[in-house]
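These are the structures in question, set out in turn.
Each of the next two complexes has subunit A plus one other chain: subunit B in the first, subunit C in the second.
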Partner chain A sequence: MPLKLNQSEFVVERDLNKCISCEVCVRQCSNDAHEYDADDKTVLSEASKCVGCHRCESLCPTEAITIRKKAAEFKDNSNWQQAHIKNIYKQAETGGVLLTGMGSDKPHTVYWDHILFNAAQVTNPSIDPLREPMEIKTFIGAKPEKLEIEKNDSGFKLKSKLGPHLELSTPILFSAMSYGSISLNACKSLASAAYSFGTFYNTGEGGMHKDLQHFAKNTIVQVASGRFGVNRQYLRSAAAVEIKIGQGAKPGIGGHLPGEKVTADISSTRMIPEGSDAISPAPHHDIYSIEDLAQLIYAIKEATDYLKPVGVKVSAVHNIAPIASGIVRAGADFVAIDGFRGGTGAAPQAIRDNVGIPIELALAAVDTRLREEGIRHKAAIIIAGSIRSSSDIIKAIALGADAVYIGTAALIALGCHLCQKCYTGKCNWGIATQDPYLTKRLNPSIGTKRLSGLLRAWSHEIKEMLGGAGINAIESLRGNREHLRGINLSEIELSILGIKHAGQAW
Partner chain B sequence: MSISLIKNKKSDYPGYRVPSGCAVFGVLNESGSCFDGRTIIDGIEMMHDRSNGLGGGFAAYGIYPQYKNDWAFHILYDDSDARNRMEDILKKSFAVLYFEELPTKRSPAIENPPMIFRYFLKLKDIYSLYERNVPVDNFSEDDFIVDFVLKMNARVSGAYIISSGKNMGIFKGVGFPEDIGHYFRLDEYKGYLWTSHGRFPTNSVGWWGGAHPFGLLNFSIVHNGEISSYGRNQRYVASLGYECSLSTDTEVITYLFDLLARKKNMDIELLNMILAAPLWERIEEMPEDDRELASTLRIMYGGALINGPFSIIAGHNDFMYALNDRIKLRPMVAARKNDYLYVSSEESAIIKVCPQPDIVWRPQGGIPVIGRVKKKD
Partner chain C sequence: MKKIFIDEQYCIGCRLCEIYCQVKHSKSKKILKAFREDQPGTLARVLVEEIGSNSFAIQCRHCEDAPCTGACISGAMAKNENTGVVICDEEKCVGCWSCIMVCPYGVIKRDIKSKKVASKCDLCFDEEEPVCVKNCPNEALKIKEI
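Take a look at the complex of A and B:
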């Protein structure tokens, strides 16, 4: 059958008047989309190999290259869209599962974009963050039922302890991204930015590389179903431990790192043989129910002398509110919930685009449920799954989150152009690859600066919005849904979010 | 008379919140000597322009010495039917020692007042009242009263309990505070602690039950400000069993006081560390023990931090407690003269009733002014 399997998604335009045949594009493209023709002394491009990462376009010294989206190749059809047709061709040919990277790009409702934030006018003053203190310091951990305080001659003295907490200078953490799925330089950038800004990054299930151990105090380590890299020192050196049950982009399945990516360095970090596939089982085989989770939580607490918060990460699925309640009752100090727009290094497309629920609804439902049950104080809520801006964060906190994880946003700060080809290991930006030729493109000290810049900018914006609403401490925003209004939302959506519609006063 | 006069019509405006600007004034005699209500009326009257005639009220302590160990309820009624319904319920739980309609002086300044009765009550055995679901070990008479008042106010139509303490009473309604004071003939009462409130609500018609002070057990709260943390505070107390039925700042602040000072049994000297918690930069500067206490309280009770502008005067049989928000976005002046402690939105009120105080000061944001009643016996 004359089927063309690798039809191009993009058009590579080269302005030959500008091109000086310097071959930068040739060297930069790991997909071999550009080739130098020595006979003609010109550079040629093969659009079908282009993934749309815009690396060549960004680095072309004469701005000769433009990458454009290619217009439809098939007759317009609202039902049978291009992607369906192409995917069927591919799958009929290969018999394989369609893989993809990053979060879902499907046009599902983004609730953040249907929520508006409040500001103070007349009846109470807005507060100017340039002139007044504006506090966004955030704590992650469980709160005890009560405190014992003793009164003596000199004043009051605390007799009971709070329990382990993480202290964050801003309510933003870097989400779990493993060494393996991303390069060591990317990990270094995240770890060192977390360290310098006073927040935390998360190892994912990639283990803790020896070069990152001095950032351990700003590291949340993950215990996932494959248990890669988990040992006593790994648990004890970290600031907190997170048990990974699920990930927003692929609820119900485990991670998969192909053997080709398991280099010597990754092999020793993950404690697996070099070149072997690192396939995490879909469930934890020691957790078939909630009581098993409680055992693992307390096993880790025992191993870490009850000195570190132990949390559980789950993907946002239909029954998320009772699941989160169970996790809190099982003893977790924080619950991380990853919405279905959350990113991934590799996931089956069918799952990424169709399984799970948006984080906004999951968060609202969980916070409400935990409050109804009177256990909201027992655990912090960290949410993830496509936080794109500081305004998404402020809305998340007003819905009830303690803090947010950012993954994709952090990678974009490092240069990611969202081409969604992370699973190929050919990331031209040096992020989602282990090829030394590519990874050296990401300079960790520049990466650190860019990530710190993002945190600083977003923190400033959070302070501006807080002050505008007449609030000078972030804890007064947490779960304060009075400051949110919905727009273009149905009654049921408003009721799940627990907010009024724009135009409704107090 | 419409019920909207004494109760917020939740069915018409579900979840409406009622912010308001205001005047507050409180006077305490720390030695427990009683003085009549003219002082408080004269003071609050000086701040007439801080109210707009949509609410005024007073809390008075020490006014019912003959029933000082019994519950004193003030209840607003729309009509006799409501009164009969409420009294039937009251009689199931309480022995009524004495009751009467509150004496008032009719005045053109007060339009359409509801019926207002006072009751002196003794609680019957609480265990017989709760046949099911009694957490017997931890359930006190105070808990019963709180539960009773919140439930009755939410459920009994046409009736509203505005005052539920001992040897104290709340007098409030729609009008300017001085007119309300004269209407209730407060010059004929003597108490050792008086607080008062003049209201300037921004978005609601006045209604009698929604005037301030707001009371629960012996606590009464008057408050000037519009708190920006309302949603957080309301959800925080809701998860601990307090349902905010009035949607006013004062209501939620009262529940925070009840939660912390009564239920959690926290010393009132610690309350400001929670309600107007010190800034982190101040906490960092504290000596180690204080720092640990302050940061722990702040982390633990973040839901009880009151944010945005407020000046609060809390009345209680044992003390008067005044607090400004931590960056002082609302005015508050305090003064002392002999055994008297005065707290006011404006100094004018104090000077009116005490022309030459020993000391006048403007309390720092987040630093409480506490006056305690020295026990006489």
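Take a look at the complex of A and C:
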């Protein structure tokens, strides 16, 4: 037996008093962690194969299985933590870059958890959203310099010309996740939930599958560095176009969909040969400056007759404020900023955990900069990168965002257990896989219901929190940082966030 | 009448339908007891057919003109005129297996462990919803009025 330096991450506990050897766990595990022994009529488990996705645990009819984290087996060391040691063992063995999936799991500060929201007391009345109207409708696009209204015989009429914009029933959109990185059933769930709820999903760089074309009016299509699936009809049928420069989980890094995942269906959607690797270069090779970006923005606007908002997605990096300013000046109708806790299907672990800045600081810095330059109205800001709850959304809006993208949260709603093994293509929940045996596990009609449920719940909570603060329209909260207070934050953090510390009055 | 429909696109081959069917038709109706103590065990009356990544669960279709009822020599297999459900009266069944020979779907099984009778889906007539439909984790089985 070869020397095994890395031990199992999990313990598979099987209560033999409860196990009925029905083999559901055996059939459900794509990692072959469970095996039926016909001689003994028992199920045996091999913990070293377990990735901790909890699929078997969820489907076991007698609750006989418990997946537990294996207790640390190294001597305590605050410097050489378990993760460092295990990674070195792995890399010494393989000589390769460590890959991972989903967003960073490192304990960096989550600023949402250090920000508290306000409520109305005595001097201003709070509002009950169940009894009084509450508006959370959101528009994404450039706003005019000023609104000119003219009076004619029939009443008042808007004289100013409004640019193209998206109308969202709630300030939440589904992040870019391509067909290829996730299954078609996952894409169908996102598309149909966006359609039924009156919001938008994003194709990522996967192209628009023929089965999803009837959701085109609720689709933001992406033009990324690989230009996969981009054609005239793709751009013109969508509701908006997003140029993807970067992704929060891996700023400065391109993408690579391995050839084995490029099935016939994906090949026709991406317009590349079947079985060929789909490589998205790290940069767009025609964009080396803001001027180049402006050319692409206007090329797309020309191609879509100036009828659709065109946005740019960037990851939150150190210079995000001037970069965002450049993007707005280049003519983007919205800027999507992806923070460093944002998710991914595959990224080098070193980059995911160490590159970029938290979305809260990036958002505050960008909103402040655009206001100072007097161009905040020229583009909407959509933020992404680990929005975990409705309260994260309300804080984001008060910090200056127009809307938020949710990716990881949406996948969790579909069953994802954050095992971070998306890159293996063996997702037991039928999400990050193209294996037909596994993709079947995500029934889009269930997926649509669950995603709509999440949107409904969060929208309701947003209304409750707005009402509590005495606000009856989300527009009145946008960029209103007086409604936020920091807790356990330093002066510099408070000043970047542009908020007072808890205890400081107006 | 109500019939069970199968959406094979979303059958994940977990066979939970078979397990819950077994429990439902066991003596104790309790999952642990049914698999441990109720011996000899009960047969599942729904069957998951599987080839590669394709699978579907099939149970008695409760045919309008059910050939098994005609083939039955003892009058055990009969279609209830009111509900349309085809049921095998275990008291009358003599185990000649004529029904199995004529069933076009192969969904009648020989229950040789307990009584020698033909075992088939009874559409869980005493439940609000058949247990296979109720316990399918991916809604691949549905019951609809036709």
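FYI, the second predicted complex is superposed on the first by the 489 of 506 C-alpha atoms of A that agree within 3 Å, B and C clash if a C-alpha of one lies under 4 Å from a C-alpha of the other, contacts with A are read in each partner's own complex, and residues count from 1 in each chain.
As a convention for this text, contacts are C-beta pairs under 8 Å (C-beta built on N, C-alpha and C of every residue); 3 or more make two chains touch, one makes a residue touch a chain.
Keep in mind that what you see is a predicted model, and the values were worked out from it rather than measured.
Asker: Of the two partner chains, subunit B (first) and subunit C (second), which one does A:Lys440 touch, if any: first, second, both, or neither?
Answerer: A:Lys440 sits against subunit C, while subunit B stays out of touch.
Asker: May I ask you to name which of subunit B and subunit C touches more residues of subunit A?
Answerer: Counted on subunit A, the partner with more touching residues turns out to be B.
Asker: Looking at A:Pro125 after the superposition, I want to know if it touches subunit B, subunit C, both of them or none. Which is it: first, second, both, neither?
Answerer: A:Pro125 contacts subunit B only, not subunit C.
Asker: According to the stated criteria, A:Leu59 is in contact with first (subunit B), second (subunit C), both, or neither; which is it?
Answerer: So A:Leu59 only meets subunit C here.
Asker: Is A:His114 touching anything from subunit B or subunit C once the two structures are fitted on A? First, second, both or neither.
Answerer: After superposition on chain A, A:His114 lies in contact with neither partner.
Asker: What residues on subunit A does subunit C touch that subunit B touches too?
Answerer: Subunit A residues touching both partners: none found.
Asker: Residue numbers of subunit B touching subunit A in their complex, please.
Answerer: 15-21, 202-203, 225-232, 234-236, 238-241, 247, 264, 266-267, 269-270, 277, 279-281, 289-290, 292-293, 296-300, 302-303, 305-309, 326-327, 329
Asker: With touch defined as at the start, can you tell me which subunit C residues reach subunit A in the complex?
Answerer: Contact set of subunit C toward subunit A: 7, 9-16, 19-20, 31-32, 35-36, 52-53, 135, 137-140.
Asker: Going by the contact rule set out above, which residues of subunit A touch subunit C in the complex?
Answerer: Listed in rising order, the residues are 18, 20-24, 27-28, 59, 61-62, 435-437, 440-441, 443, 445-446.
Asker: Within their complex, state which residues of subunit A touch subunit B.
Answerer: Subunit A residues touching subunit B: 120, 122-125, 127, 132-133, 135, 137, 139, 143-144, 146-147, 149, 151, 155-158, 162, 165, 371-372, 374, 376-377, 398, 469-473, 475-483, 500, 505-506.
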